[in-house]
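These are the structures, in structure tokens.
One chain, chain A, appears in both complexes that follow, with chain B as partner in the first and chain C in the second.
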Partner chain A sequence: MANPLRREVRQLYKNLLYLGREYPQGADYFRERLNCAFMKNKDVTDPKEIRKLVDCGEVVIKELGTLYYLREYRTMKKRFYEEELLGLLNIGRPID
Partner chain B sequence: MASRVLAQCVRQLPRSSVRLSSGNFAVRTAAVPVLFNPRPLSFIASSQRTRWIEQTRISSSVGVFCRQYGDLPPLTIESIKERVMYVLKLYDKINPEKLATSSHFLKDLGLDSLDQVEIIMAMEDEFGFEIPDVEAEKLMSPQDIVQYIADKKDVYE
Partner chain C sequence: YIVTIRVKPDHSGVVTDGVKHSMNPFCEIAVEEAVKLKEKKFIKEVVAVSCGPTQVTETIRTALAMGCDRGIHVEVSGKDYEAMGPLQIAKIFAALAKKEEASLVILGKQAIDDDCNQTGQMTAALLDWPQGTFASEVTIDGEKVKVVREIDGGLETIKISMPAVLTADLRLNTPRYATLPNIMKAKKKKIANMKPADLGVDMVSRVEVLRVDEPPTRLAGVKVETVDDLVAKLKANGTI
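And then the complex of A and B:
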């Protein structure tokens, strides 16, 4: 594997691991899935393919970030607003 | 004049030690186990000198003037090695029987480069400081890790 790409893959894995610690369904679950996902693409040698996969990984990082942000937003809203007002604003739906 | 300065210095020295041992201010001027050089003291008035000699009590708790700050116990190579091995034994992909200080992660223990990333992350958590990727790539055995941490934390033996 080309060296700068190797470093980027490592960095990606590390970032995803750090983010996965707070995953709502469990850090272990996240780690397993992450490992599987990385192992599936173990034998890819084409740098363009690797670059594409790394970009996919970055998108996942963004999604996780938004997920956590949304979760935080929702809990804060629930804590500081009363029930009726929440109903009016349609926030704090039972999806979380 | 020199004697006065010297007397002042000598008087100031036991103050810190007295705070450590007790609040007894009668011992203040006299808890000096170290400086009993008779030559400069001969310039001091004789009454003072007799007072010094009477009141000299060597406070046993203070042989060395030291201040005690709150901190973790100092690291030794042994303790670092123990902690590193302990963390490695807890990792589920490693067989604890095969683990030795010189076992290579990729070759001997059959791990993956991704597993090595996880191991380095666990070490970062254990020792509380970040290991940059450039240097983390090179740490391929427990001995390397111990050496690296000892270098970073200034632990020599």
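And then the complex of A and C:
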């Protein structure tokens, strides 16, 4: 594996592992799935392929960030806002 | 914010030992707004402040990872921390705002542990600054701030002059998640340490908690098969 790519892959793994700590179904569940995903591709040598896979990983990072944000947003909305009140507000912003 | 809360056996409060603490969700939105204003070049520097024991530095680090430039940890621990409420925090913020010559103090509208919704308002009063509370949109226009507020009747737009206090409501923005590379970079940022006494603030509480109880448990619902069953049950209950 080319050196800079090796560093990127490792950084991607660490970032995903860090994000997975708050995964709703449990950090262990996430870690297992993460390891499987990385092991499945361990024999890939073509730099272009590796680049594509790393980009997929970046997308997953963004998805996780959004997942966590939505979970927090929905919990706060349920706890603090009456349903009727929401109808009066101009809801053009975050969905739900 | 997702931890299960339990009341202490002596009803003096809620169990906090060993419970995972994180930044107040509304304060996350406040930090995000401050960082956004800096990115748009409306403000020069964002300082993250938190009051409490040593664990509080973790929360300040999260704020630094979200983009704040430096942090201030006002150390309050033990009995002072247990008795600390919006008034004491507001006094600390007011003293700091003057000391740091801040043009904006941005905080969450309320803390989800005590639901007071008082700190922002008290800070503005102590500083004699205008306040834009329950902000769902903030625009800086020269020396003035246009704030769209979420109120009971709908939305209210006000224009206030700086320096001002703003409190963030849920729909102000979507806070960024502090990823590992940002947290690593934040380790280089400074967190200053000080005590309330350094700011001339007395932490004596004027409020005494008498008792803390759990809310009454909700009774399980009863499922019925048909509309007739529902009517019969409601009649038996004396509801109709």
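We adopt the following convention: the second predicted complex is superposed on the first by the 82 of 96 C-alpha atoms of A that agree within 3 Å, B and C clash if a C-alpha of one lies under 4 Å from a C-alpha of the other, contacts with A are read in each partner's own complex, and residues count from 1 in each chain.
Convention: a contact is a pair of C-beta atoms (placed from the backbone, for glycine too) under 8 Å apart; a residue touches a chain by one contact, two chains touch by 3 or more.
Remember, predicted model here, so these are calculated numbers, not experimental data.
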Should A:Phe38 be classified as contacting the first partner (chain B), the second (chain C), both, or neither? first
More chain A residues touched by chain B or by chain C? C
Partner chain(s) touched by A:Asn15 [first = chain B, second = chain C, both, neither]: second
Kindly classify A:Thr75 by the partners it touches after superposition: chain B alone (first), chain C alone (second), both, or neither? second
May I ask you to decide whether A:Cys56 touches chain B, chain C, both, or neither, giving the answer as first, second, both or neither? neither
Contacts of A:Arg7 with chain B and chain C, given as first, second, both or neither: first
Common interface positions of chain A, toward chain B and toward chain C: 11, 14, 18
Complex interface listing, chain A residues touching chain C: 11, 14-15, 18-19, 61, 64-65, 68-69, 72-73, 75-77, 79-81, 85, 88-90, 93-94
List of chain A residues in touch with chain B within their complex: 7, 10-11, 13-14, 17-18, 35, 38-39
Interfacial residue positions of chain C with respect to chain A in the complex: 1-2, 25-26, 28, 112, 136, 150, 152-155, 170-171, 174-177, 179-181, 183
Residues of chain B touching chain A in their complex? 113-114, 117-118, 121, 133, 136-137
